[in-house]
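Should a chain be cited, it is by its letter among A, B and C, assigned in written order, with residues numbered from 1 in that chain.
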Amino acid sequence: MIKLTINGNEAEAAEGQTILDVARELSIEIPTLCHHKAIPPTGACRICVVEITAGARPGLVPACAYPAQDGLEIQTDSERVRESRRMTLQLLEARCPEAKVIQEMAAEYGALDLPLERKDEKCIMCGLCVRVCKEIIGPAATCFAGRGPEREISTPYKLLSEVCIGCGACAFVCPTEAIDPAEFCSIALEKIPNEFNCGLDSRTPVYIPFPQAVPNKPVIDRENCIHFRTGGCGACKTVCPADAIDYDMEDKVVEEEVGAIVVATGYQLMDPAVYEEYGYGKYPDVVTSMEFERMVSASGPTGGGLHRPSNGELPKTIVFLQCIGSRQETDGKPYCSKICCMYTAKHTILYKHKVHDGQAFVFYMDVRSGGKNYEDFVRRVVKEKVATYLRGRVSKVFPRGGKLMVRGADTLGGGQVEIAADMVVLAPAVVPSSGVQELAQKLRIGYDQHDFLLEAHPKLRPVETNTAGVFLAGACHSPMDIPESVAQASAAASKALGLVTHERLTREPTIAVVDELTCNGCFECENVCAYKAIERKEILDKDGVVTAVLAHVNEGLCQGCGACGVTCRSKSLEVEGFRDLQLFSAISAISR
Amino acid sequence: MSEEKPKKDGQDKWEPRIIAFLCNWCSYAGADLAGMSRFGYPAPIRVIKVPCSGRVDPLFVLRSFEQGADMVLVSGCHPGDCHYTSGNYHARRKLLAFRELLTFLGIDPRRFKISWVSAAEGGKWSSLVAEVTEEARALGPYKEFPRSVSEGVSDEG
Amino acid sequence: MKADGPATDALRKEAADLLSRGDVGVVIGYGRQDDADLAAPVFARNAEDADRLVFDDHCLGNLAVYLPRSEIRAMGRAGVVVKGCDLMAVNVLLRENVIKREDVVLIGTHCAGVGEPQLEKCSTCDVHSPEGCDVVVGEPVDQPKVDEEQRYKAAAEIDAMSVEERWDFWRSQFDKCIRCYACRQVCPLCYCKRCIVEKNIPQWVATSAHLRGSIAWNVVRAFHLTGRCVGCGECERVCPVGIPLGAINQKMSRHVGDSYGFHSGLSADQEAPFTVWSPDDSDEGIL
């Protein structure tokens, strides 16, 4: 173990660590520009210089590249260090007045005073971009070109690069935001939209899917990852201190035998672009409620700052439109989406938190605030004049003079209203997640004409399905809010536990049984069974040879409808409690 | 519950025998609701509960006629409402084909009824039974169909 | 078609090859003794037996009826001579998992029609040349255009009667039934290990030959074949008392054809009309 002293603090370092590494472990701040964890240091920018006072030849060394050695004594903020950094920054500032980070650093070190003519550059010639492209990503699309004052970052012969893969790593690592990959490369650099933020910002190919993800661990998006696309990069593996990145891991199909399934596929919002009159997708300041939700979230793309997407200004007037697609029998969904009234009331309050002097309007059909304390909440919004509620529909949203004109009817006040808004927030209809039909068919559970999953009984078995052991939780069943979803999920979990925690399964006794002596094995029963309860049972002789394959009823799945028995011509399937003999006798007795 | 008095001593007035197979979840519950709602309906109908209209084997219909039924009614959930998802759809195909067969063989299709009555349709059940009973009365006794008694052979299972 | 024609020669050679190679344990085909009107089934177990096989227009029977039999299964893989109409029955047997395709070798025969005079069904046959067989022997036959209405002629004649007339007609027909079950024995699709008439707890179908039981038997037989019957007509041909069973089968085939677009036996992977459903099925006649 290497022992050294930094700013008088004793520190321990492992073989191969640099002074910078050790200092950062001790939370000692050393400024850097050309340093990046994934790229071997070269000490190009000289911002990270520190002073060796003992243990080696005294003098200034770059902390990012100088290896930790036994007995070193280092000062990171001495007068000599500060003076050196100041001079470096003076020169950089004169060259790069455009670079924000240089300006800030120079201000900190009092280095804004060099009496030289300012250039208009951003690039500090640290070469990080060139090195990341060559050493990490691989194609070496960029290079230094020219000498002396002519020196610049470019491509060979200053032509559009043919080897650039458009990964954007050069721009990503550049400390001064000086790189625009479009200058080098013909491939359009595609930003990866951040799905969780409704595509309002972008994300990297290795990312944590959303804040508060459980487990809170990053995933690699193989389609966009440079390593999977080209075999190069590997930066995430280089920097991961836990050595947790394993590119050889494959997606696995996990097969588990389970006793119960809870379907909780949730909902999505219908695309409001189908209603052209609201201008969603055409005018950037028309957003969905989900997008608004992300915008005002502290963990969202703007860190909670609410800005007009078109120009970044504060929206002084905002209009919320309810029932976009909901309660519209002709060209939308006939049902009420149930959650919009309440979240819109919440959104108006959030809006007021962000824009104190802002004006919020809500166009609504009816305010449906059934639920504990829900009406109080909406009353508060109206009474405290958080928002102005206008009962009526909006006929058109159109731009005029940098504003969005919202034209609608106010059926209570009477007449038409026109509001010049900075932003319009739509509350689109809640629809089931796409692909739920396929899942329902796989599980043999029912769904209605809107693809919401069907419960076994609307009053008495609301979280069960017609297929035994399959339960429903949340908005896959119907539009519902969080408390309702939680209640339903708890109910589904209890039902599932009730099923799987017993040693023996309790079921109705009225299920089908097979007479194996007469079963022909035609399996027409298999086709008519709505529950997949008919299994194929191999009949073995005493040598273990399969002599026949006959129908067998899975007692846990069968619900006892008896369709199989009617289909069976040899009458080899009967439902207990409704056996042929019982019904035969009933007919005989009742006909007398 | 009956709209008229049952026949006295089985002598003075003939009443048809109507055997009805009702699914447990819709039609049987609908008939129950008719009772609870105090909707009257004629007494000649005799109900046998089955789990689902899909459980009604054409053999039941045949057996009912053999045993002296003047009319047979099978009633299940409306299409799309089956408790077992699809039992009534299977029943619809099979029983309509069976009626086609009976008709071809000269068995009056008016003597074999199929209906959809939901658990909420107590009123429908009541009026349906009144209607078919009236029709059965008009059709008269189903003498043509050979019965064990009249044909002199008994083979009770 | 002559018994000593090229079809017979090709058939014998094919059967002898199959048997001598050990590909099959038995070839089920037709044979004729002397100048009998009807060809009888021949079960050829070896290459010498194959010389007893013939194919000509006296070969009426549907040999698919033997395929489900345990005696035949015990002989191993079975070769079977099938006309186009017989092949349809084989397709149903395959669909209903009664036989496996790999357990049979289908020796198809081109057929211009059989019987003397020619059977009614042959005039509306649209499968003169069987498709999907392992081998096909004989001379290909031109496929004339078939009049669909003609195919259901017998049923249409009865349909034209009033309900009362029909009842009188069928009552007199079923009254003749002696419950010999020849119709069942000859039907390739009546393969149940235990026929419904042999089920006695409960006894749905009275067994003695009186009208009530005979109605029940004939109704059940017809209904169990609805959506399955391929119209080979063997039941009617063998009925010793001459009940026009074919007309009933026609009626039901027409019903599933008109209602569900289903024609049984066209392939082995059809879905039988009573095992599937559609929400759009007709509700006509339902109260």
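One rule holds for everything that comes next: a residue touches a chain if its C-beta (ideal position, glycine included) is under 8 Å from a C-beta of that chain, and two chains touch if they have at least 3 such contacts.
Computed from a prediction, not measured in an experiment: that's the story for all the values here.
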item: Between the pairs B-C and A-B, the one where more C-beta pairs touch; value: B-C
item: Most remote chain, CA-based centroid, reference being subunit A; value: C
item: Distance between the centres, which are taken as Cα means, of subunit C and subunit A, whole angstrom; value: 62
item: Separation of mean Cα positions, subunit C and subunit B [Å, integer]; value: 36
item: Distance between the centres, which are taken as Cα means, of subunit B and subunit A, whole angstrom; value: 58
item: Junction residues of subunit A - those touching two or more other chains; value: 528, 567, 580-581, 584-585
item: Residues of subunit B whose C-beta touches two or more other chains; value: 59, 63, 86, 90, 94, 156-157
item: Subunit C: positions in contact with at least two other chains; value: 196, 201-202, 204, 274
item: Residues on subunit B engaged by subunit C in the complex (per definition of touch); value: 58-59, 62-63, 66, 79-80, 86, 89-90, 92-94, 96-109, 113-116, 128, 131-132, 144, 146-148, 151-153, 155-157
item: Contact set on subunit A toward subunit B in their complex; value: 444, 446, 466, 510, 528, 530-531, 559-563, 565-567, 575, 578, 580-581, 583-588, 590-592
item: List of subunit A residues in touch with subunit C within their complex; value: 517-524, 527-528, 549, 567, 569-571, 580-581, 584-585
item: Subunit B contact footprint on subunit C (complex, rising order); value: 155, 158-159, 163-171, 196, 200-204, 206-208, 210-213, 215-216, 218-220, 222-223, 226-227, 248, 251-252, 255-256, 259-260, 273-274, 277-279, 281-287
item: Residues of subunit C that touch subunit A when the two form their complex; value: 96-98, 191-196, 199, 201-202, 204, 224, 271-272, 274-276
